[in-house]
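Residue numbering begins at 1 within each chain, and the chains themselves are lettered A, B, C, D and E in the order written.
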Amino acid sequence: MNEVTAFWILAAIAVIGALFAIRKRNLVHGVFSLLVFFAGLAGLFLLLLAEFIAVVQILVYAGAVGILILFAIMLTDRVTGKDAFRVTSRGSFWGTIIAASVFLVLLLPTIQEIPQVDNPSNSEEIVKQSTVKALGKKLIHPYVITLEILALLLTAALIGAVTAAQGGHPAKKKISIE
Amino acid sequence: MNWELIKDILLATVPLLVIFPTMFALTTWVERKALARIQNRIGPNKVGVPMSRYGGKLSLFGLGQPAADGIKMLFKENIVPTGADRLFHLLAPILSLIPAMLVLCFLPLNFPWLTDEQNSVKAFMLDGAVIFFFAITGLNTLAVFMAGWASRNKYSLLGGMRAIAQMVSYEIPLVLSAVVVVMTVGSLNAGEIAKSQDGWNWFVFSPWGLAAFIIFFIASLAETNRSPFDLPEAESEIIAGYFTEYSGFKFALFFLGEYIAMFAISGLAVTLFLGAGDGPGAEAYPSLKVIWFLAKICVLIGIMIWLRGTLPRLRVDQLMSFAWKFLMPLSILNIFITGFAWHAENNNEEYGFTIKAIIWTASLLILYLTAKGLDKVNRANIKPRTYQYGE
Amino acid sequence: MSQPIDHEAIIQRFSGSEWDDKFCALIVPLSEATALAKWLRDDNDFLLDYCSNVTGIDYLDREIKEKVENEEGKMETVTRIDPSRIEVVYHLYSMEKHTGPFTIKQLTERNNPEVQSLTPIWRSCELQEREIFDLFGVNFIAHPDQRRILMWDEFEGHPMRKDYVEPFDYEWEPTPHDEILDKHQRGKVIV
Amino acid sequence: MGPHHPSTHGVFRMDVKLDGETVVDLKPVFGYLHRNHEKIAENISYLASMPFTDRLDYFNSMTNNWAYAIAAEKLVEIEVPERAEYLRVIMAELTRLVNHISLVGFFVNDLGALGTPLLYAFREREKILDLFEQASGARMMCNYLRFGGLRCDVPEGWLKRARDLVDRFPKFLDEYEQLLCENEIILSRTQGVGTLSRDLAISAGVTGPMLRASGVNYDIRKVDQYGIYNRFKFRVPYSENNVGDCYDRFMIRMLEMRESIEILKQALDGIEEGPVMGNAGKVFKPKPAEAYGRIESPKGELGFYLVADGTPKPYRFRVRPPSFINLTVLRDMCIGQQVADAVIILGSIDIVLGEVDR
Amino acid sequence: MNLLGAGILKGMAVTLKNFIGSYFDKERLNTLEYMWQNDKSLPKRAGDYPKEEGEQLRPTTTVTNYSRNFPMLLHDDGEPMDTIRCVACQICERECPPQCIYIEKSDDKKERPGGKPQFYPATFDIDVSVCMSCQICVEVCPFDAIVMNSQFELSTPDRFNGLLLKRGDLLKSNQYYHKIHPEEAADRDKRIADDKAAKEAKKKAAEAAKEAKKKAAEAKAKSEAEANSKEESKDPSEPPQTSTEHNKEENTE
């Protein structure tokens, strides 16, 4: 019984967090409610005994992405505070319709797919499969190529970001040192 | 609600909530006394039990000081600056305390009064303990930013930004040096790492283990804003960094959060490198493990206090270049060396003593030379100078 | 001790300046000040590249009794009116040749004093000239940023002048010290 | 950085314009401690303004007294007895030790070393201040020198106590150098910060250890040879080829302390019995004249310019404060540096607000 | 080539040596513990502090027998007001740099042991909040009447009149002076004794010279010389200004 109550609580937290993230006027408040949403999600993963994914969720999303967005807010001026520009919600009617349809498209297949969990006993092998060692083995053997490509992609993105931040040519950076 | 489960959980977590805050109170006293003694003064000895009837005062070496600080913090008026947004101003110290406390329960402190079954409850996150540890300490950065942002004054904002930059860039060497240990043990859960180091083969005794420990210790200093890296609260430049605007109990919460984070990280250092709970009498009386574990944590805390009494502060850009250009390449190199050494040890048969000696000395040499080279590259023209004497 | 600097050479070159032997200082007119200063600094037998001290002195009209050799060689005191003026005194040293103090003075009258600023030549005069402007009210021509240095900006008057009258002290509080001060002010001239 | 910022040495404000962390513009603001010492001196007698000179640079009161005494002795030719000259040199060098160890302590404290070196320095300073108290009666405000000698002789046994303090001092200095001089963090934080070129230093009238750190071999003890400094053999450390940054200033002061110990040893050997006060009359009433006396105070060239008009009160009493004039170059050194460096550069200039604001 | 972190390790070795040293080595730990007492026992006026025998409110160890704090008036042994040394000549009031001494001369003269009747100060106040203990008054006083005390606990809750020390509070005996500044007191007494001896010798020499002059006058013109020499010796009967020129030659020693 307490798993179900735990599920409902965590789901409520996640939904409220997401709603606040959208409605909040002050951007920083929005980001923090987004983080609450991520934490709620991590809780849900824990309930599914997929602890590694829950941990990665907190590490990557709550830890890194949250900070990234905060840095972005801090470094671009005129985003928060009094003179922040207002987003006019002119097309809000059509917006909601499109959003609802996308939601439906996603929701229907997931509803049919839910497996009928008749005996909770086989949760042991679920736990066994999702251990870190098993994931590690899978990542290396079958998916090693995708892992390499992903790594290359990420480093390229990193280098691109650094040069963009420097304004293209490193010469400019030298002047600011003296 | 099955009371059995709740009883187990309480049995596992309440001792933590009791032991570590009292150790926090003691550490503040020890720190002030030790710093005082380093600086040749006496340290707090005025607070004590006021024995008004006998006129004098039982000073008991200032042990009343932590209690007095606690009470003082409780009754101090807590000021919230008008410009600050009140919700986050209140939330920041709490958010800085939660990760520190949460992380404590994953340390392999096997209390003697706990049966194995209860132990499993505590180490629920049996598998991802170490990664969970780093994920949670990442949240601390958020708390610092929230404090800096919410108090709306230029010093705390500057302090907040410095703190984030420092924590983010020192998390990488922290994680990479932990990878070394996880690689050799082959599992992420703290209990197994502790078990694999029983009988004195602690990780710190192997060359790559020692290098990883040093990197881990330096990075943990930066992670908890201690001594050479206490830039966010640099009094001489930006008054008190991100907790300038905090007073009263919220300041005490920050203080508590910082110290518990210090315990947590040195606890992890002890688990990973110094053989958690393993000591001379550990096999005979398993209950000794807890005492050994806490003793090792106190040694690490002592070193942190000693560093605080000696070293000046680094500048922001030196802090960054030290993390990215010195610690990170060194820890990556260390991972390669460990991989190579582990491979040499496990996959070929005639792994006699001579090959082991060769590998050990080779790795020690490589590590030291790259460290010297990196240091020379980073600080090319920084060396003591000579002076002339005119008549 | 460092040997005294001979001043005849300077007087031939700069006709306007004359040597005041009593206080062994060179009185420099406003017009030639910059030229003389630059020459003193760059000429290699002076090399006075370090201006150690810049002082303002405020003289009021006062008669001085001096013993003066009159005709038949007998010392007798004659009273002379010393004209009122503000002197700006510069003590110059040479760091290369370790030579001793060489004093040059600029005189101006008291009502709206105007003196040539020597900061472009010696940077050390910058703060000291600002202090003289603040406390004496001497206006320095060509001073880089001439504003009050010690007093707060809204302060009127120049405290170091001899005829400066203190404004009413609105923060006055009764203290036992007062009768001591009144007693001293009540005409008891300190001998 | 307002007047009550923790790391400005006293009430001193710096208007710092920042772009991120680097300093774009810096305007020092003085005057918070201004009490117009020169106007006070014009209303009291010569002797009465001697205790006021202690309040100028309250770290080294003996050298302030000596500068004023030299200026007054130039006004009226007074002959100073042997023993008084020796004691003056001993007191001045002891003050130089006090000033340099406290300065190094404050400087490293600004770097963030939480007071450990500062408290070592103050532990040694206490011993020297006890000597001053036994000689003059007060620890910091000694008011000990008079025109033509000293107020009273040192108590017997004082010279022996001074002697073994001087013998113990090098042991402390080695310990101090071992703690500070090779520390990598201090090296990397102070080298290349706040550089002062040689000719800017000369033209800006910078004097004392700062000038010698920028490469000019100019020490007034050697140039003017005032007092009996020509009898002692000592060297003046200066940095010929270095760039004159915070590290040089810090090292020059450490080396100067060693030289001061040499002078103290020679002076304590050479002193003999004898009168301490010259034949100055009770009322000091000089004929109308001008005199500019200057000495090498631990902070730089401290000068007194006295204009006498025959009455027992000076007509004009001008103090040439070293730290006030050393501040002209603060702005040039801080532009382009970080905020943390601006604080250290101010620390390395070694200002005392009693002297800056007078 | 030195070890990588050598500088830092050496620095830490120094702090360790100090840490251990501060427990044993007297040289390192010279901070004295100030005796703590609650401050209800704080007197209302600076003058109410214990007067005699140098006993401080709290047994402090920091006062050495050289340190000087605020001035005090001296009186020789015996009843204070009879043997007070101060003659209210107001030189110290004039010379005091911050001008914190206030003297009102008494109108009647008081007999002094072994000396001429002198004035005495009716009121003699020192404003302790203004005095900067610079010892100028002790130097300029020709009668050694004012010397520096070494009591520094004078704090009072009242800022206005609490810090004004009246004559009664300032007056201390000569033994007390010997007790707090033994060396200085000994020198001062020796100097006074020498001056007195020198004055006696001079007076004797003056009388001898006077007798010799008298004898010579008698020998020359016995009758009229005696008549007028008798009045001439009577009228310079010590007018007061002799005391000022007395102190003139007193201080040119």
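Heads up, the rule we're going with is that a contact is a pair of C-beta atoms (placed from the backbone, for glycine too) under 8 Å apart; a residue touches a chain by one contact, two chains touch by 3 or more.
From a predicted model like this one, the values you see are computed outputs, not experimental measurements.
Considering every other chain in turn, the ones in contact with both subunit A and subunit E prove to be B.
Considering the contact criterion stated above, the chains in touch with subunit C and with subunit D alike are E.
The chain pair with more C-beta contacts between its two chains, of D-E and B-E, is D-E.
Relative to the centroid of every protein C-alpha atom shown, the closest chain centre, again from C-alpha atoms, is found for D. Comparing mean CA positions across the assembly, the chain most remote from subunit D is A. The most distant chain from subunit C is A, comparing centres defined as mean Cα coordinates. Put simply, the C-alpha centre of subunit A and that of subunit D have 62 angstrom between them.
Centres computed as Cα averages put subunit C at a distance of 41 Å from subunit E.
Centres computed as Cα averages put subunit B at a distance of 44 Å from subunit D. Residue positions of subunit E with contacts to 2 or more other chains are 8, 11, 14-15, 18, 28, 30. Residue positions of subunit D with contacts to 2 or more other chains are 45, 116, 120, 123, 179, 182-185, 187.
Multi-chain contact residues of subunit C (touching two or more other chains): 190-191. A list of each chain pair in contact follows: A-B, B-D, B-E, C-D, C-E, D-E.
For subunit E in complex with subunit B, the touching residues are 1, 4, 8, 11-12, 14-16, 18-19, 21-23, 28-31, 33, 36. On the subunit B side of its complex with subunit E, the touching residues are 34, 37-42, 45-46, 57, 306-307, 309-311, 368, 371-372, 375.
Residues 93-94, 99-102, 125, 127, 129-130, 160-161, 163-164 of subunit E are the ones that touch subunit C when the two sit in their complex. By the touch criterion given at the top, residues 1, 85, 87-88, 125, 127-128, 131-132, 134-136, 138-139, 141-142, 145-146, 149, 161, 164, 168, 186-188 of subunit B touch subunit A in their complex. Subunit E makes touch with subunit D in their complex at residues 2, 5-8, 10-11, 13-15, 17-18, 27-28, 30, 64, 66-68, 95-97, 132-136, 139-140, 148, 183-184, 251-252.
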